[in-house]
Amino acid sequence: MDYKVADLGLADFGRTEIELAEHEMPGLMAMRERYGAAQPLKGARIAGSLHMTIQTAVLIETLVDLGADVRWATCNIFSTQDHAAAAVVVGRNGGTVENPSGVPVFAWKGETLAEYWDEAEKVFDFTDESGNSVGPNVLLDDGGDITMLVHLGVEFEKAGAVPAQDSTDNEEFKEVLRVLERSLANNPGRWTSIAAEIKGVTEETTTGVHRLYERFKEGSLLFPAINVNDSVTKSKFDNKYGCRHSLVDGINRATDVMIGGKVAVVCGYGDVGKGSAESLRGQGARVIVTEIDPICALQAAMDGYEVKRLESVVDKADIFVTTTGNFNIIRAEHFAQMKNQAIVGNIGHFDNEIDMAGLAKIPGIVKSEIKPQVHQWIFPDGKKIIVLSEGRLLNLGNATGHPSFVMSNSFTNQVLAQIEVFTKTEQYPVGVYVLPKHLDEEVARLHLDALGVELTELTQEQADYIGVEVSGPYKPEHYRY
Amino acid sequence: MDYKVADLGLADFGRTEIELAEHEMPGLMAMRERYGAAQPLKGARIAGSLHMTIQTAVLIETLVDLGADVRWATCNIFSTQDHAAAAVVVGRNGGTVENPSGVPVFAWKGETLAEYWDEAEKVFDFTDESGNSVGPNVLLDDGGDITMLVHLGVEFEKAGAVPAQDSTDNEEFKEVLRVLERSLANNPGRWTSIAAEIKGVTEETTTGVHRLYERFKEGSLLFPAINVNDSVTKSKFDNKYGCRHSLVDGINRATDVMIGGKVAVVCGYGDVGKGSAESLRGQGARVIVTEIDPICALQAAMDGYEVKRLESVVDKADIFVTTTGNFNIIRAEHFAQMKNQAIVGNIGHFDNEIDMAGLAKIPGIVKSEIKPQVHQWIFPDGKKIIVLSEGRLLNLGNATGHPSFVMSNSFTNQVLAQIEVFTKTEQYPVGVYVLPKHLDEEVARLHLDALGVELTELTQEQADYIGVEVSGPYKPEHYRY
Amino acid sequence: MDYKVADLGLADFGRTEIELAEHEMPGLMAMRERYGAAQPLKGARIAGSLHMTIQTAVLIETLVDLGADVRWATCNIFSTQDHAAAAVVVGRNGGTVENPSGVPVFAWKGETLAEYWDEAEKVFDFTDESGNSVGPNVLLDDGGDITMLVHLGVEFEKAGAVPAQDSTDNEEFKEVLRVLERSLANNPGRWTSIAAEIKGVTEETTTGVHRLYERFKEGSLLFPAINVNDSVTKSKFDNKYGCRHSLVDGINRATDVMIGGKVAVVCGYGDVGKGSAESLRGQGARVIVTEIDPICALQAAMDGYEVKRLESVVDKADIFVTTTGNFNIIRAEHFAQMKNQAIVGNIGHFDNEIDMAGLAKIPGIVKSEIKPQVHQWIFPDGKKIIVLSEGRLLNLGNATGHPSFVMSNSFTNQVLAQIEVFTKTEQYPVGVYVLPKHLDEEVARLHLDALGVELTELTQEQADYIGVEVSGPYKPEHYRY
Amino acid sequence: MDYKVADLGLADFGRTEIELAEHEMPGLMAMRERYGAAQPLKGARIAGSLHMTIQTAVLIETLVDLGADVRWATCNIFSTQDHAAAAVVVGRNGGTVENPSGVPVFAWKGETLAEYWDEAEKVFDFTDESGNSVGPNVLLDDGGDITMLVHLGVEFEKAGAVPAQDSTDNEEFKEVLRVLERSLANNPGRWTSIAAEIKGVTEETTTGVHRLYERFKEGSLLFPAINVNDSVTKSKFDNKYGCRHSLVDGINRATDVMIGGKVAVVCGYGDVGKGSAESLRGQGARVIVTEIDPICALQAAMDGYEVKRLESVVDKADIFVTTTGNFNIIRAEHFAQMKNQAIVGNIGHFDNEIDMAGLAKIPGIVKSEIKPQVHQWIFPDGKKIIVLSEGRLLNLGNATGHPSFVMSNSFTNQVLAQIEVFTKTEQYPVGVYVLPKHLDEEVARLHLDALGVELTELTQEQADYIGVEVSGPYKPEHYRY
């Protein structure tokens, strides 16, 4: 079996943690129970790119249990849990370190950018039952990197050439170009034939979804996409409650600094920002919010937070967290004004929310590692700023990401979305879709028992009165929860 | 001037309160400043049916300042603030009790159902500049009562007859039939000609909106409707933050019972339920939620609330609040199991969330007034249950409703919606619409200064990066806030 | 029967409210049940001076049920609930408006300062069983006014003269001098003989207790005092949870202004300040605390509040609340800098926390009543400041004070303290005492059932392990809760 | 230099962390600045027994900077941070791994009980300037172990014999007896002479303080003790805010289980319980409290928590935390009823809050390590219970203990207490003392700047009005904060 992970010896520990996580992921367990016999993903070749954590391991093995052939890479160079990767590779049912029987994984904690894109490419190398090289027929993406690889591949193949690496300043994009150049050299029609086979992609996160809508708007989208991010049970749970959990967890593990009594700035008050602000307030911090959207700004004010421009408070705060999904939020001029030992981290999707490049260019600044994923940036005058996970996702880099229970919601949506796009292909012409509301409600329903929730049932009269079915869906499409 | 209110002598007090409220309603004040000269509502004859409170007075006078001719009734028999009604009638600019110069209002606190529908009918009696009787050309509705009057009027006129009053058990609907029967007797084409003139209705609340969508679905909607309720700055502010304010205010004024330490059941965890639960928790109550929708139930659990069926907790709780928009939520069998001196109230739209009729039919039960809008229902065994506002909206019946600031958001949406539907008639064929997002954001923006909020501005690069204009709108349509 | 109240006709309404309150005052009901037969207060003549509210009515009637003869005045000119006073005077057991049979009360809402002190004096005029004029033998005081009357009376009688009224600038103290001068003229030994009969005083509040410790330190205390305020079940419940309830209640009833999103300054972070800050935060306000004590300031910071000097924030806040027990906290120079329509109120004990006199002296300022207990102070430039209850206790002046349940804790302490000081006189030489901890725990215990609390019982082994009795007390004296 | 730690190679990492912690410990830094020159601890030989963490390293080096000679052991076998121990041994000012120049430390993570007591004994082996063996002249203790060693040593020396190890069932006490038996064999007067030199002990925690009061009551206390635990800036900060921080931190690091939506039982609602409940609620858990003290139970109810007996909820909860300071709180019969994968941990002082011995004796139960300090206990039917840190302090065993800022408060009290007891020996006859309130306030004051707090200053008039000095102390001794 081909794979590339840090150390298969971690598989036993990974397996123990996977078993613990399964208890916390009732939605995925229900998927196995409900669909295990029917094998709805039989024939699916799923190329996945999503943080290779313990929770993702439960997702991967659920996809396998539903019949799929799966290959996996991570979507973030720091977020891989090496024991999770190892356990997935070794597999269940008699797989061993010597003779692994699980799913090919291409991920380890701390990849370089070059390695990241080399490994990403490998999730496209399936072998069919006859032993032929084939591509995937479904993608499962987080942030859109492998979706981009296919789209750029097709675009460059059509153009007959890949732009030169020095056509871009972006270090990461240079690697993308390098990988595609190599690919075109080897096989100038590869991505075009891969794209033709893909029934669709299910995309996990805001940033990736945004890219998909852009492509669809400009007419360049190559296959249908299901926007998992905007299922209520994803966006309102993973983004909000997941970050409530993992933000303070990440800060604590990274710094051990008391959050209570501190002034914390949360940039952005979308779902991630809402969960982040609650997380910090729950620990006794005084939270200040920055926002560009007047509606979210008003929500923050009504929730009791001070709402200011970053410039107005940058010299008074102790902790800074970006949650915007935008870029260049915290810049060199902000770092220059921060207090000594201010802590700066990002829980939005990309590392460019914090201008790390700008920070590195401050004359005389020195970067010093305190421990992995925690660095001091020391100014010439001795002032130190602590930056978490080099500006990448701190909850994944400094802690273990969202907890299993909340990921069970997101990932049950993923499984349902994979089934939709793979089995009902004709219902999904090229476009971007959210899952129908009754599936969204079903995901929620599968997680209630574990919390001891008793759900009230509508009487037929009550259902008629509000014009819904007794079994739902209960709300109009535009309902905001 | 024709009007019917409790006591014009209250006008001075009402005017003082209106002036205080204006300070808290920056959105409406901005409307006056921005549009006062242009008079976009010149020629509009607005028939309004919405709680006749101080805040509504500021709305009415804003509509007048924008050029409209206005007539007003309430949408709830208990919610009128008599001093507000008086002040609106007396008016500004030299109006006096002897010689009122304001807007005709037909509302007083404590109307009977018969009076309510008699007065509702009067908002349709406009006089044009030549002194002719005409109908309104725009409706502004809350709950859909005057919209229903028009629709039923047209329907019965088409049928040539009104059903007999004893065709219904519903006490209130008997009154509707009575009013329409009288109308048809006088003028069998009246509603049909009124309907023909109406450019549209702007509807304030969930329940009314629901009725509009139903009508539109079944093809019976007669004119376009703007769903003000589902503007984010309405549904997420008025419903949630307004109820957070006014729920405990209503309970406190009604009962003076300490909420801290008590067990409170909130039926429903929509926006109203979310605000209600937060209101009670903020006072130290332990809140239990009931829900039918698994998504909202899961939200309640993640927010730390116990989620149970009413039957499981009805004998252990001290306070019960319905917020569902559905009916028959708290029924006679529930009352029978409650603790002595349990407090029961409704903050959803209609009084049938609590089955008051069923309560009254319990053998041997006696109703005793503690003070206006607060009653004890005494069981034969001496057990007493305290019911607020006879099951109608307790925040309006027992307190003063939502506070001005939150209503300024809702009502600024109303003003913008009135302008849309009146001035851009051709853009709104029959259907149900929400306001475009940029207007929603504008409403929010008009309320930030008052709270000392500093809004961050996108750079052009950042706007490009996320694919929006620097000036917004900032979010996709499906965004849930 | 002698009494002086607003209107006995309110007695029926008062009685209904008293019965409702009894349900919320399980501690006092338990006192009646436990001690009703034994009549431990038989022979006690209790002179009381404490806000004449519904809750106090339940206290008074509990004292009567335990055998006491009681006379009552209020301790605050605005706090009397007239229906409560009326009901207490009319009494139970067949008392009527024509022929009242209850307890003599001398209090009505809105007394002048002169009336206040005239009425305060009347609680000393008992008649014994033989019909002779006698004084009280126990005092129950709130703030120390009647205790002061006795002490000053004795002092002036010893001196043979009362200082001239113009020896003081303090308007209120002039009235004290007037009353005592009249008394000395009538009976130059009256207070001396009254004092000789008094077995002790039980004092309700911080301010009164402070005065008692001062007197004791300087050697002038004339009889023993029980400091009820510092029972845990008083100071940590009434002060904190009572104010959490009644602060927002008072602001809401007075102003109807939305608290959510506003900036509120709470001056002082003692128990009253802690409850006040929580009250406002629970409604979504952003709370800023001012403090002089570094320990309380650090607590406020750790609880997530901004801590600033008033001067730094006075021009940015919307709501100001004083809770300090000190004086001259908000002064004319502060008012001058406040925003238009800022709301200012006091929930500490005395009205001098806010310098009302200084406010009134601002050149050109005009005071205008919005409604009773709510005034606008209009500056020459048109700026308006809203002052609640003329700077007196806003929770009593604008709402109904602390709710019954929390007062049941305080007042059960009062009853136990009255029994202690009346029946165990010899155990209390002149001094200031707190109730023994087992009584404090008993008060708490009597309130648990009503909240559905299950108390865990220590095993004998566990009790031995921590060195306490199974039945308590459980904590060392210095424990802070 | 003698020492015994895990690995001196960790010293560099420890030093980096110590420097970060110094920023968060402004109180200790202020001590160094204020007293560094005066050297008030010159001549002090301090034997310390307190968790050997990074924060303790800052304390130790502060004591050294004030002139003391120090030897250190831990007070808990799991709590040592090996890099902290290493850094303290290597020291500053040119110490190296090869040639350490710091303070002798005898502690590593994961000692056996036998090792623990062997190392504890070594803190008594000082060498004076002439090179003679001497004992300490001050103790700094946490939990009272080294204080007990001295007292039992003296007692057994007086008796001339140590009881046989099999006279006790307690595994740990067997080790105490072993160590003392060895000591008496070597030097039968050692402890008696050590005790004679000791000027006093400063004790950190509730449990240790409780033992001291017991000894003082029974007349066996050998030297004065300062109760640091009951300084407000310790008990109300370390216990409450420290646990608010470190409880969720410990649970997160140990289990990665989502706390939001879960049911958590907190046994005990003292300061530790209050902080723990807030910690869990801040993450969205529904918290149920158990209590034996009716006052604390009532506080919990008023704070909105359900209060139940453990038996009533043990089968419904997901997380259990003991905070009582008592023993046998969670017993075998409770474990038997818990849900699968319930999480059980202790944040009180001793590991006997959870009956680990009873758990181990359940027939057929199997203990399996998930990772260090996290074990599954697998019942014969397959049910698994997760126990953290083997029942010892989970915040130290599973996370890094209280954060620096809160420990700065506690440890600044320790430094002040060491100075008191060492320099003012004559003012402290044998007894148990708390620090005077002005020192408590000073500790708070030293921590305000770091949080941006502006402290208000009393005017002289205001100070006079409430009868305090402008500079404090501000509250009576009995004040509870």
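Note that the chains take the letters A, B, C and D in the order they are written out, and that residue 1 is the start of every chain.
Simple rule for what comes next: contacts are C-beta pairs under 8 Å (C-beta built on N, C-alpha and C of every residue); 3 or more make two chains touch, one makes a residue touch a chain.
In UniProt terms the chains read A, B, C, D = Adenosylhomocysteinase.
Source: prediction; values computed, not measured.
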Pair joined by the larger number of C-beta contacts - A-B, A-D: A-B
More than half of B-C's contact pairs recur, by residue number, in one of B-D, C-D or A-D. Which one? A-D
Using only Cα atoms to place each chain's centre, name the chain farthest from chain D. B
The distance between the C-alpha centres of chain A and chain D, rounded to whole Å, is 40
Round to the nearest whole Å and give the separation of the Cα centres of chain A and chain C. 58
Of all residues in chain B, which are in touch with two or more distinct other chains? 241, 260-261, 281, 284, 298, 301-302, 451
Touching residues (chain side chain B, partner chain A) in the complex: 210, 213-214, 230, 232-233, 235-237, 241, 271, 290-302, 307-310, 312, 325-328, 409, 434, 440-442, 444-445, 447-448, 451, 453-459, 461-462, 465-467, 472, 474-476, 478, 480-481
Using the touch definition up top, name the residues of chain D that touch chain A in the complex. 13, 16-17, 20-21, 23-24, 54, 241, 244-245, 248-249, 252-253, 255-263, 279, 281-284, 316, 340-341, 370-371, 386, 399-400, 403-406, 451-452
Residues of chain A touching chain C in the complex: 260-261, 281, 284-286, 298, 301-306
